[in-house]
Structures are given as structure tokens and as C-alpha cells.
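Sharing a structure with you now.
Labels run A, B, C and D following the written order; every chain starts at residue 1.
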């Protein structure tokens, strides 16, 4: 269902997903309600009520959920690094490595 | 009629966005509760179908339009029918003053949505009062 | 331009980021003619600051994503000219303030000074000059229809990212913006925070944000370079982006640094059309999940 | 299932009478609850003020007009700007002329009786909806 590739490289080689800082998260679920890609999952009966269930569904470079978080409890990888990595992977793929 | 004609207050009545519902509710609040003596509404659908009686009610009459979004359906339709548009409002402009507000859906408003509707209705009434006092 | 700004910080006392916001506001005001607005006093009384706030372009500095200062500006009916959020800037610099103590240490003070210097510099350079580059207007669009939705894609002269952003290069300059699909997904755009004129950004870096009733969208710059201008009309009339995101709804102009190489990572119209079709299908399938 | 088939449900604007209010709500119910995947709502005034989208859709896809009263604005507007409607549902036929011609209602003052009217109208629209669907499935 999610794109299998992004910028011509396999999605599962790209490390792009939100990380929940449980020290800050108050389980308001704004990010869960917002994300249409089902990246997050609610766990009603668990003390940890929210997890990142489908990291590969996360749209690479999208950080929209973090803008709904008043507590800054969502972190994303560094874009520049990720881009660098994608470019490396891509040249690797192209040269048939 | 003896009394001077009522100001026509028209909503876009949009079906697809919450802003259309807000426009509608603000108009109903205005013409049914806040200033029913000075203002009345007309259904935009009559204008769309080109109903003669509805057009006659609008031509050269003072109109206030309230639109949900920049498509400006109400203002454009009223203008096309020859209404004398005294003021145009847009729900979206009011929403900008309430950053982050969650007004509800196109079916149902939240408490926050209703509060903004009341704010818009107050603006509409103020405009109605001004138009009537100036006798324009 | 010698116009001054009104500076409205959040002054959050319970978070390090708020303290930094306050620090930035003070440095900026010390180094310019700008006038400082105290958010606490402004909240209880309009009289003191209303004139300053309404007659000058407003610079809002928020500590964290709670955006108290932005909200205060909203309540007072003010238009925001430029906005900075400290936590976002800290994040960008790879130095999140998450664990920073409430009292500002050397690192936080340095960050504050750096961000303040950026704002001061930006203000000096603000009269963003018209580059005089002529960007051709697409004569026609490729149309993708999905139910009642019609999505437009300019057939040539534009390159796209998979994040629904575009670049239109002309010589060593280019305009950037969002696609028709993204415009429609966001629906009525209410706020535009443009990138900073003079800022240098990498490919796929954030180049401003757009906010509608539905979401906040980060513009992912398709190219690297230096921002040379922003489309100021869209700041006050974001509906221009909804009307036509490829023409009058462009967001910023950028001086290209490495387009030849970066182009490889971008899609042409045909490539983007494929992505668009897939997204349009998924978007519709996703709607029911609410 | 005819996955791709969508049906436009066009409500009148409903600012002049209760029938119109019910018509709007029944239309929203189709979109929100009853047939969310297959319903497309069309904004009546956009026929005049909007771009090509609404007119083109109503030309190419089946449509059901939901009208509050016998003025049949939704039906007439669709026919004027777009094309034939496949079906018309009159709220006044379902809840009675007298009620339908009462004043327009704010959703603030919606009662259980009103909600029951919406249910009834939505049920009729659904029936029409499914009939059109079944005819269009090969």
C-alpha cells in the first residue's frame, strides 16, 4: 500500500519515521488523528498507549504530524543526512553494486 | 410594504466544507434571531436556477454576502443577479483570526465553531444596522 | 527600506525554548529600530501596543510548537509578517532543546544570538529584489481527473519531488512551489510562512510552511541554493496558491547552485503524473478511514 | 462491487424552508455515513461561481437531486448547467408539505424529530442510490 520506492530507491532502505519521546508525550493522540498513512497505532490496554507501528508508511520528508504536537514529542531524522544516504544508495543501485 | 426594504443577507450554503455551514448558520442567526426586523435572507439556489421572483427581490437591493471560501459563490451570484452588494464577508478571513481553531465538519459544528459563527453573525448585524442607518 | 518591525515573542517562562525566544527578541530589538511587544501586558491591555502592532510588519518569535505568540497575534487580529519557532530552528541545527535546562546556558545563549543575528541580517536584506527573470506561464496543463477533482500538471519546464513540490528553473534562478494536488489536499490555505530571504538551503530542506484548516505542510525544496525572493502577495492572500499554485501561487525564488546534479533526483511531468495518480487513488481510499 | 462508480448527490441550498435543511442533512448523511465511498456531493452555487469541476462531474456521472420543496432547485440547476438527473427526491413528499414549508432550521435547534426526518429522507435517497448503482453495474 505505501510506495515501495522513493526517489528510485527501495523505501525500506530509507530511515525516515517519527520517534516518540515518551518522556514528553501525553497521549493526546493529535498525531494519530492527523496522520492519514496509519503510521501510528493506539494501544488502549497498554501503558504505552501509542506506538509507531508502520514506519515504512511514513512519507519520506513529511514531518506534518510533528507540527500537531504542542509538546515537541515527535522527532525525525536529519533531512540532510537522509538525503545523502538516499543519494548514495541510488548511485549504488545505478552502478549495479 | 411601507417599511423600507430589509437588507438581504446571503450565505453560500456550501455543502462540502465546514466554512459553508458556518456561513449558513451565521446568516440564520442574523435573520432569525439577531435582527429579524431589518434583515432577511434568500436562498442562493433560486439565483442559481434563475428564478424570476428571486431575482426581482434582489435587483438594486442592499445585499450582504457571506462566503465560506474564496470561490465566493454568494458574492458572485448576487452580483450576477444585479444585487447592490454593500459588503462581502468570508468565513475563512475570520478563521485566520482563530489560528488552530477546530470548527467541526460540514455536517456539525463544535462549540468553538458556534462561537465563531456568533462572532460572524455579530459582524453581519453591525453591517445591517449601518446600512439601515445610512439609508443606503 | 527603513521600516521597523514590531517584535512579539512568546516569553514562555516554563521552557528553555521560551527563554530563548525572549532572548532573541531582546537582541533583535537592541540591534535595530524594532519595537518590542510584551505578550503578557498585551494580553491584558490593547491600548499599549495596538498601534505599534498594527502599523508595522509583525515578527513573531515562538518558543515551542504551542505557538502562544502566534495565537496571541491571531486573537488580536494581526497579520504575521515573519515567524520563527525556536524549537524548529534548534532541531534544524541538530541541537534540540529537549534536555536543556530552564536557565540558559552558554549553548542556549549562543543559539539565541545566532538566531537573532539571522533575523537582523534578514531585516537588512529584506527588500527582496526582483531578479527580473521571466518565468514562462504554462500554456496548457496535463489534466488528471478523479471523480469531480481535476488535478493539473504543467507539461514542461517544471520538475517535481515526490513530496508534491515543484521547481521551475530559468537560467541560474528558479521558482519553487507546491503542486495542484497538494493545494487541493490542503484545501483553503490560511497561513504561509515563507523561507528566509538570504538563507541557504540544501536539496529537500524545508523551504517554508503552509497551513490550512486540515494540516501544516512543509515545502520540501526540490533544489539547493540561496533564497533570493519570496512571493509576498501570497502571504496576505494565500488563496492565490489555491487558485493556481504554478503561476501566481509560487512561493519563493532561489539561486541555483547545483541543478544539473540535483535534477537527477527530480521527476518530470510524466513521472510526477504517475505519483499523482497513485496518490489520488490512495487519498480517496483513505478518506473513509477518517 | 462497482468500485469506481460514484454518484453525485446534489442538495438544494435550503435557506428558505425546513425541507431544505433536511435535504442538506440527508445529503451529508449519505456522504458521512451511508455511502461514503461512492457519494460525491456537489455544491449548487459552484455551478455558477466555480470552475469546471462540478459541471463536468454532473455531466459524466449519475446524479440524484435532493430537493426540499416543489421548486426543485437542485434538479433544475443541475439540468440547466450540466445534464439530466437520474432521480429526484422531494423532502416535501416524505415529511409532508406543511412541515417542509416551515422556516429554515439552524442545526443548533435540531431535535429528535428532525433527525428522524433526516433518516427517512436518507433512506429514500439510499434506495435510489442503490438502484442506480445496480443498473450501472455490468
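Operating definition for what follows: a residue touches a chain if its C-beta (ideal position, glycine included) is under 8 Å from a C-beta of that chain, and two chains touch if they have at least 3 such contacts.
All values reported here derive from a predicted model rather than from experimental measurement.
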Inset, instruction - Have a look at C-D versus A-C and report the one with more C-beta pairs in contact. - result: A-C
Inset, instruction - Provide the C-alpha centroid distance between chain A and chain C, rounded to the nearest whole angstrom. - result: 21
Legend entry - chain C and chain D, separation of their C-alpha mean positions in angstrom: 40
Inset, instruction - Round to the nearest whole Å and give the separation of the Cα centres of chain A and chain B. - result: 43
Inset, instruction - Mark out which residues of chain D touch at least two other chains, giving numbers and ranges. - result: 42
Legend entry - Which chain pairs touch, all of them: A-C, B-C, B-D, C-D
Inset, instruction - Quick one: which bits of chain C touch chain B in the complex? Just the residue numbers, please. - result: 67, 70-71, 74-75, 77, 187-188, 190-191, 211, 213, 239, 242-243
Inset, instruction - Within their complex, state which residues of chain D touch chain C. - result: 6, 8, 36-37, 40, 42, 51-54, 56-57, 61
Legend entry - Residues on chain D engaged by chain B in the complex (per definition of touch): 11-16, 20, 24-25, 27-29, 32, 41-50, 71, 73-74, 76-77, 80-81, 103-108
Inset, instruction - Going by the contact rule at the top, pick out the chain A residues touching chain C in the complex. - result: 1, 3, 6-8, 21, 24, 34, 36-38, 59-64, 66-72, 75, 78-80, 83, 86-87, 90
Inset, instruction - Going by the contact rule at the top, pick out the chain B residues touching chain D in the complex. - result: 10-16, 20-21, 24-25, 27-29, 32, 41-51, 71-74, 76-77, 80, 105-109, 114
